[in-house]
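Sending over a structure as structure tokens; questions will come in a sec.
To keep things simple, chains are lettered A, B, C and D as they appear, and every chain counts its residues starting from 1.
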Amino acid sequence: MSHANISIAVQPEPFDTGEMYHQLSQCTPSPGAVVTFTGLVRDLDNDKNIIALELEHYPGMTEKSLQTIAQQAASKWPIQAISLVHRIGRLEAGHPIVAVGVASAHRVAAFNACEFIMDYLKNDAPFWKKEIRTDGEQWVASKQSDVAAKHRWQD
Amino acid sequence: MSHANISIAVQPEPFDTGEMYHQLSQCTPSPGAVVTFTGLVRDLDNDKNIIALELEHYPGMTEKSLQTIAQQAASKWPIQAISLVHRIGRLEAGHPIVAVGVASAHRVAAFNACEFIMDYLKNDAPFWKKEIRTDGEQWVASKQSDVAAKHRWQD
Amino acid sequence: MITVLFFASLRDQLGSDKQLINIESLAQFIASNGTPTEAFNSDQLIAFLCQNNPNWQSVFSEQKLFIAVNQEIVQAPCPIADGDEVAFFPPVTGG
Amino acid sequence: MITVLFFASLRDQLGSDKQLINIESLAQFIASNGTPTEAFNSDQLIAFLCQNNPNWQSVFSEQKLFIAVNQEIVQAPCPIADGDEVAFFPPVTGG
């Protein structure tokens, strides 16, 4: 059983990865390494018809799924704390969608856990993106590269 | 030739990775992924004799070396921006020593570049840590695991 | 009662986000196909849903769908019991 | 003139952070050992430093040291020319 401090949030409100970093860096005892990943809505310049993204999820399952993924990471590597926040609802270009932060005594553990969580989240956490376009709405297709990214942890 | 925006700082003053994140997330065009790594002075609780760390460097070469490492990363992966800041001088427990932030359209590129930069920095950038102890001073020994971490990029 | 949920593009295609399935109706449907009624699986649940909504057949057969039973992703065909929450959805695209 | 720099534990062990080497003195030293004087390398520079400071011999021979010429890490023995900045230091421990 891992003793990592795990914090999960699924929310329509904006969040700040800078603030997440500050909290993780103030863990006790002081961690040697803090890694944060932030996924943002990319500039939609290459398709001017896209106005925003809409994030749907499966309430109840989403939180359980993220908790399970974070616990798996904490059982694979020596981790002090994990923070994970994912937005739902409407998001404009440049806005953060997801942030994962990991505090550990060691940098390799912090990097691995952070990447592992993102790779599993992309494949297993029940979120769906829809493009809101000037010419209608379009569900985003899943990517084969995300499936491959998850599989590299399973050897 | 890569067009990544590279920012390098070697300084005695404290810095804030949260602020680094904010700047990277506001790149134009909006990046899809921002990864930050922060290395901090670990709690020195397991050796009560350690009062602080003192960071020495080789002025001139340090900045060149960090610039070279960042450029290598930017030529290996599609990167929008890299920020790197490393403190020198005296540092107490819990304080950040180094931060590396990478903005990219894609998460795998951002993670890889950030890890690559840290692995090379640990082996090639002319910094040396000294423990300031109640019973004197002690230079920190290099770690074989850091050599191995660099070699994994060289296949 | 079995609660069946549909999400995202699948919900749009079916025109439904939720179906409440009476366990006796499901048991009768399965018995009418010559299968013992003590145990159900997700394939039988889909067949039952498509019998009630014939235009759903192509929606279920023409794409890769995920199934979650009681909010955990499982491999089809998986056993389903009275009281379960069963969700069908397309591959996820969060993060 | 060759500027030689020492850092960290090596500087403490040698009791010196910098040596300015006159190129003629180095050339003479190398000629006295029967080597042509047109080209110098880092091994010859170390031998010269240790001749002037006999107690440095063990410091240089008993540990793994890095060499940087004009602020780039190089493999020893490497060529050295008049005007170069040559730095010797122990394995780095930053980050």
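Note that contacts are C-beta pairs under 8 Å (C-beta built on N, C-alpha and C of every residue); 3 or more make two chains touch, one makes a residue touch a chain.
It should be emphasised that the depicted structure is a prediction, and the values quoted were computed from it without experimental measurement.
Visitor: Under the document's definition of touching, what chains do chain B and chain C have as common neighbours?
Guide: Of all the chains present, those in contact with both chain B and chain C are A.
Visitor: Please tell me the distance, in whole Å, between the geometric centres of chain B and chain D computed from their C-alpha atoms.
Guide: 29
Visitor: Chain C to chain D: how many Å between their CA centres?
Guide: Result: the chain centres lie 76 Å from each other.
Visitor: For chain A and chain D, let me know how many angstrom lie between their CA-based centres, rounded off.
Guide: 51
Visitor: Going by the touch rule set out above, which residues of chain B reach two or more other chains?
Guide: Answer for chain B, listing residues that touch two or more other chains: 39, 118.
Visitor: On chain C, where are the residues touching two or more other chains?
Guide: As it turns out, chain C has no residue touching two or more other chains.
Visitor: For this structure, enumerate the chain pairs that meet the touch criterion.
Guide: Every pair of chains meeting the touch criterion: A-B, A-C, B-D.
Visitor: Which of the residues in chain B come into contact with chain D in the complex?
Guide: Against chain D, the touching part of chain B is residues 39, 55-58, 60-61, 64-65, 86, 97-98, 118, 121-130, 139-142.
Visitor: Any idea which chain A residues touch chain B in the complex?
Guide: 16-19, 21-22, 25-26, 28-43, 45, 93-94, 96, 105, 107-108, 110-111, 114-115, 118, 145, 149
Visitor: Mind pulling up the chain C residues that touch chain A in the complex?
Guide: Checking each residue of chain C against chain A gives 5, 7-9, 12, 68, 71-73, 87, 89-95.
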